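Look at the two complexes coming up: chain A is in both, with chain B in one and chain C in the other.
So, the complex of A and B:
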């Protein structure tokens, strides 16, 4: 299972990727799945153990995000479940 | 056995000349002098692909002696494996993806670098993954340690995708030693693969 951070716009996703990269936190870019948000965009995918550090870093750098989801890889398609604690996260 | 001096010759010249030497009438093998480890690997790939025996030794810094012989190699491939080696190069029907930069499309490199990562991830979602993904020029950066594309490329490799990075390109950027996924290849192998591909995507 991965954690997926979603962003309201591409600029925020780019800023977040750069902030996490500078912090040495591995975050992988993926297109935003249509089940998470309609339209185009990027999400950052990272292992669960990195999530707290990543969120802390985004908050301290003032990078806004629109939600966090858990991603379960299953046959027939991945499942994304929103994590309520982060639903209104970000600046 | 003929010896050819390929010291100082850039990839893929040693492989091409070794093939020419092996194709000469009556040739039972060839000894090739090269000056870098990538050339040794490329010659090994060529030999393995043709079912030839292969051995090499390093003789001093930057000097390698490679021996390729026709027929069964000592301690190498078995006769059965050799018999199964492709004699010709039939069209495989598979999809080959050629990635020639560390960004996707023209316009903003910043956006392009995000797009290429999403592009590579998306291949992990295909029911039928590509046969090979080949990384050239700046694309070579995507397969080396520190690149955030490495986990997705590792997953693709686990799905049976050949992840191949141009040795000349990795050498140019000084990242040959930091290859993190897949293997180094040469232009002859790249051209062979794209010429056999059923479909080719080049970005």
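So, the complex of A and C:
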């Protein structure tokens, strides 16, 4: 299982990737899967143990995100479950 | 000596950076451009450096367009509503005056041009009386592209704020040279890349102060690579005002040149250009029959000196300067009939000298000698 932080646009996704990389948190930018959100946003995928530090960093840098999901690989494809505790944040 | 129109070349570092980018982007697999991520990273870098240069507190409030002409059309049409009254200076460029006139002719707005002295400077005395109950916006060019005259922007915009009007600044002739701070000074700062910012032509934009985005409707709409499920333009920045494929090469040129400007320091760029302007004004004063327009005071002027000589055709002067002496100037009305009416040089226009990063004192001496010879 890993975590997915979703962003409304490419600008926020890149700002987030840069902020996390400065904080030493490894995360991969990728197009948002359509089962997370229709449209064409970008998201960051990262291991679950990095999530709290990542969110803290994004909040403190004022990088806005539109949702957090957990991704599990099941038979027939990936399943994304929204994590209610992390409502859209940042500015 | 036509820097007010456009910078003749990018600096070596900017050129190098652009060439390097072009080479890299030929190799598609080396980047992440399959999803526009590289373009996004370049735009973010440019937004950050421009936000720093213009003292904008959030980089996403820096929006890219093709230049001030596009920015002014977007901003004026996006902010103004039926029945609004607009104040502008009597030296505005047609990039401001024509969109205003178009709105006025459609019956959407009323517009008044604030009286300026013949030197092109707005008189702030009695300025409050120009405001009507429906005055919703004041737009000013920071420095006239014809006369060089710098406006008392802070004072005028403070009065506009007292009357509850939006403020919009045209920084075409000052960005990259004059210290500019948008926060607390203006609601909108429109900029162009190809003059003092020394980027490529065809890139520019505008910066918005906090909360302005909610007040401004998008004037053009289209694909943003975001929220694509919706047929409505997204309301978040910068996407709200940046539909369509971005001019990444232009944006990169701005990022590179603004980084260079910050490292040189705007203060020293301005000091150098003011010294050149003062020198040229001094040289012009010694030429019999030559009239200098504008403030004729480098401390109150951008690096622009507009001249004429009674009885002499400024078009012929410009042509002779070029063909006989190789000096490039710009004659005529400089896209600003308003400024020429203010200066009393309409419709014949003036001969405009303007200076920039590569101008040398020797060039000034040479140009003044040439001017003497053709008169």
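Quick note on the criterion: the second predicted complex is superposed on the first by the 91 of 91 C-alpha atoms of A that agree within 3 Å, B and C clash if a C-alpha of one lies under 4 Å from a C-alpha of the other, contacts with A are read in each partner's own complex, and residues count from 1 in each chain.
By definition in this document, contacts are C-beta pairs under 8 Å (C-beta built on N, C-alpha and C of every residue); 3 or more make two chains touch, one makes a residue touch a chain.
Note that the structure is a prediction, hence the values are computed from the model and not measured.
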item: More chain A residues in contact - chain B or chain C; value: C
item: First (chain B), second (chain C), both or neither touched by A:42; value: both
item: Touched partner set for A:29, first chain B, second chain C, both or neither; value: both
item: Touched partner set for A:14, first chain B, second chain C, both or neither; value: both
item: On chain A, the residue positions that both chain B and chain C contact, one per complex; value: 10, 13-14, 29, 31, 42
item: Touching residues on chain B, where the partner in the complex is chain A; value: 110-111, 114, 117-118, 121-122, 125, 148-149, 151-152
item: For the chain A and chain B complex, residues of the former touching the latter; value: 10, 13-14, 17, 21, 26-31, 42, 45, 78
item: Contact footprint of chain A on chain C as seen in their complex; value: 32, 35-37, 39-41, 43-44, 47, 58-60, 224-230, 234, 236, 238-239
item: Sites on chain A touched by chain C in the complex; value: 8-15, 18, 29, 31, 37-42, 62, 64, 91
